[in-house]
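Right, I'll just put the structure down here and ask away after.
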Amino acid sequence: MTDKKNTVYLKSIRFLEKIEDSLLIALLLIMISMAVLQIILRNLFDSGILWADPLVRTLVLWIGLIGAMIASRNNHHINIDIITRYLPGLAQKISTLIICIFAAAVCSIMTWFSVAFVRMEKQDGMTAFADIPVWICESIIPVAFAVISVRYILLSFSALKDIFMQADQ
Amino acid sequence: QSSQAFTLKIATLSPEGSMWMEKMREGADQVTKQTHNRVVFKFYPGGVMGNDSAVLRKIRIGQLHGGAVVGGSLSQFFPANQLYAQPMKFKSLEEIDYVRKHMDSFIINGLDNAGFVTFGLIGGGFAYIMSQEPIETVENLRSQKVWIPDNDKISQDSIKAFGIAPIPLPIADVRTALQSGLINTVGTSPYGALILQWHTQIKYVTNIPLIYLHAVLAIEKNSFLKISPEDQKIVSQIMTRAMHEIDTQNRLDDIIAIETLKKRGIVFINPSKEARAEWYRVADAASEEMIRSGVLPKKVADRLDALLDEFHSKTKTVSQSQK
Amino acid sequence: MIYLVIAILILLAFLGAPLFCIIIAAAMTGFYMSDIHLSVMAIELFRIADTPILLALPLFTFAGYLLGESNTSSRLVRLTHAFFGWMPGGLAIVAFIVCALFTAFTGASGVTIVAMGALLYPALKQAGYNDNFSLGLVTTSGSLGLLLPPSLPLILYGVIAQQMNTGEQISIEKLFIAGILPAILMIVLLSLYSIWTNRKTPVPLTAFSFSKAWSAMREAIWEIPLPFFVFTGIYTGFFAVSEAAAVTAMYVLIVEVFIYKEIKMAQLASIIRESMVMVGGILLILGVSLAFTNYLIDAQAPMKLFKICQYFISSKLVFLILLNIFLLILGAILDIFSAIIIMVPLMLPVAINYGVNPTHLGIIFLANMQIGYFTPPVGMNLFIAGYRFNKPIMAIYKATIPFMLVLLAAVLIITYWPWLSLVLIS
């Protein structure tokens, strides 16, 4: 029974990861096409899309944060990592656990306050470009940090499991 | 002691060492002295807190209490503060002086109702069309690569009337873009052109005032009301005086800047009578558009026009009586 | 209390906690203690969307990854071998020059390391340079070129300095010209070092052969135009930097996928994914660093530090020495634009007081900041290189320190020999 539960769980995670990956790829292709289209319009037709530049700049933020979400799947973020490699096995696992809990906590706090920010912006009701509200552009910030927090919580659980497995041996 | 020390954190795009900052610091020192350290200013110059929209967000969350910002940035709170930004509305500084005497209070009240205490408007002089190729007619302008500030909806809207496809860029990139030829036409005040060193990249100025620029020192009202009423009075008095000094100095600096541009061999083009008429016709259409889209209440725009007529009839009588 | 927090954060960093979390935690602690609502973090992060130059990061990175995944690096090696094979240090010198020009218009935001590094790192190793040297070269080159036009920091320095009414004329043109000899000095010293350090395991020299050159050129015929139209496109103003980046990405995509056919369609998705994950890792750090910088500015920390330094100044020499030290530290922790905006108005009057030419000060300022980018332990480009090439940070430190020392020598020459900066403008 637990096996069945596990496969459903894994399948839904795979599915969500697929969505992230596709979104990231689609956004980059949109970004390149928009930028090239803008050059063609500007140089050949003496015209241009006024909202193309702000759109493309917003895409930079979105691509960056979605990329960061994906990087968190296996804790593949920039780190300094000077001590860990010299630690013995168990200590290394404990330090991994501490780090994942720390990251989860920090990102949860970030999520909380970026939700507050986006709600404030929604109240203000400003538009960014082409009648799209600013808060929609900003909404990727809380979403990204929420996803990253969840990932680090999951990584904490698996680090905990590793520690118990080592202790059992 | 009833009132605690209160620090007003103010951000601005003007860099440290500029006349603006010096006047504001002078004012701040006087406030500190006269309130016996109950009110202290902390300045963040040079745009270190981000552009105007970032500054306004930081005011919203209370990290900052105010900012010296350009008029356009506050139009989200009170659109009609763009009253003087109607294209080619004014033909001389005398006209604007007369109108401002009567209408500045309208903008100040409007901003106050929108939650910002200001200390008088600071005029930034007229923006002119400055270009690398001579522009005499509207038709000339249409074939140029024209810059407009990015994220400035009002100038984007009003420029539509001129029938051009502008290139939106942030101010920081304009100089490089002029140098590389990505753009060849900008609209800015003569003083602004000198400060930003755009003047080395342009050859011509179309000698029709484009729009009148203004800025304000705006402090978020709720923060300001936390200061005791007596201290509010002191801050208002001193800062209004400082802003007035900046306003006056700006007017002088702009006149000197025009001379400097001429001395450097930049040609001021005076369009012919027909060309002029065409400019004004198109510009009027842009003003109409501002009214139609609801940015500018018709009543207010009409009042401004009436003031201009009043000014013209007065000066006419003066010049006639002098004859 | 605050010291305890700092100690814990440092410990967590050394245990390998994600750097962005450390920076967020530090910034939030600071903001919290200053009674500032923590949603300021999101406001600062959103400034990424207000920074046009960052558009170059994903686009050039994608192009760099495509070139790195196809056989471009071996074609590049063959090409430089054919043309510069007679010259000791051929590829290394070419790499320095190309990276410097690339950084001049992309800024030192790490684009050079990620995009050019993808191509140059394997190329250098294929050409016979050892791993350590190649790694150090690519990391160092990430900020080489800040002194060359049209570098934005140089323009910003000019705008700020000229507004200050110091009585001396400072123009951006003058700054551009003043930066040229110092930049050349840096490249020459680095090139000499490269030749010297590889003397025991030299890359064998070959005489120029026309047929070899011809065949190498024919092989790379689709890639040779790329640097030319990027550089001339930007320097002649046909396109803006962001546009050049978009055109490059599009061009490389077409050439590698449809002409050389070295990248299969199925591979493309994973290349986009990998390259953008890299971009995400870097952008997140840049974004939260903006927030941390904002905290330092809010607390007016750099100004206070400068005041302490000022206390020790007694002569021009002492001023210059302190300036070097101070700017190296600043370059490692503050983003370059904030550093210029905050520090130039404070430093310039002091500098002029001690007889330092303002144009010269600009060159000193940027030359120091350039090294700050890869000064251990916290120079940003070190982390970016470690991330990009999947190396432990210690290995990056080791590989980069010799290059840093060479550039430090260059900076000392630039600082204490004003002639170098000023001869072309006087």
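Letters A, B and C name the chains as they come in the text, with residue numbers starting at 1 for each one.
Here is the rule we use: contacts are C-beta pairs under 8 Å (C-beta built on N, C-alpha and C of every residue); 3 or more make two chains touch, one makes a residue touch a chain.
Not measured: the values here are computed from a predicted model.
**Student:** Counting only C-alpha atoms to place each centre, which chain is farthest from chain B?
**Tutor:** Result for max centroid distance from chain B is chain A.
**Student:** Between chain pairs B-C and A-C, which one is joined by a greater number of C-beta pairs in contact?
**Tutor:** Of the two interfaces, B-C and A-C, more C-beta pairs touch across A-C.
**Student:** What chain is most central when centres are computed from CA atoms?
**Tutor:** Per-chain C-alpha centroids ranked by distance to the global centroid put C first.
**Student:** Which integer distance in Å separates the CA centroid of chain A from that of chain B?
**Tutor:** Chain A and chain B have C-alpha centres separated by 40 Å.
**Student:** With chain centres taken as the means of their Cα atoms, state the distance from chain B to chain C in Å.
**Tutor:** One centre to the other, that is 37 Å.
**Student:** Round to the nearest whole Å and give the separation of the Cα centres of chain A and chain C.
**Tutor:** Each chain's C-alpha centroid was found; their separation is 26 Å.
**Student:** Got the chain C residues that touch at least 2 other chains?
**Tutor:** 37, 39, 43, 50, 52, 238-239
**Student:** What parts of chain B, by residue number, touch at least two of the other chains?
**Tutor:** 57, 61, 169 - these are the residues of chain B that touch more than one other chain.
**Student:** If a residue has to touch 2 or more other chains to count, which residues of chain A qualify?
**Tutor:** In chain A, 53-54, 117, 120 touch at least two other chains.
**Student:** Per the contact definition, I'd like the list of chain A residues that touch chain B in the complex.
**Tutor:** Within the complex, chain A touches chain B at residues 42, 46-48, 50, 53-54, 117, 120-121, 124, 126.
**Student:** Going by the contact rule at the top, pick out the chain B residues touching chain A in the complex.
**Tutor:** 57, 60-61, 76, 143, 150-151, 156, 165-169
**Student:** Along chain A, where are the residues that touch chain C in the complex?
**Tutor:** That would be residues 21, 24-25, 28-29, 31-32, 35-36, 38-39, 43, 53-54, 56-58, 60-61, 63-71, 75-85, 95-96, 98-99, 102-103, 106-107, 109-110, 113-114, 116-118, 120, 137-138, 141-142 of chain A.
**Student:** Along chain C, where are the residues that touch chain B in the complex?
**Tutor:** On the chain C side, the touching residues are 36-37, 39-40, 43-44, 47, 50, 52, 150, 152, 155-156, 158-160, 162-165, 171-173, 234-240, 294, 297-298, 300, 338, 341-342, 345-346, 348.
**Student:** Write out the stretch or stretches of chain B touching chain C in their complex.
**Tutor:** Those residues of chain B that touch chain C are 9, 15-18, 42, 44-51, 53-54, 57-58, 61-63, 169-170, 172-173, 175-177, 179-182, 195-197, 200.
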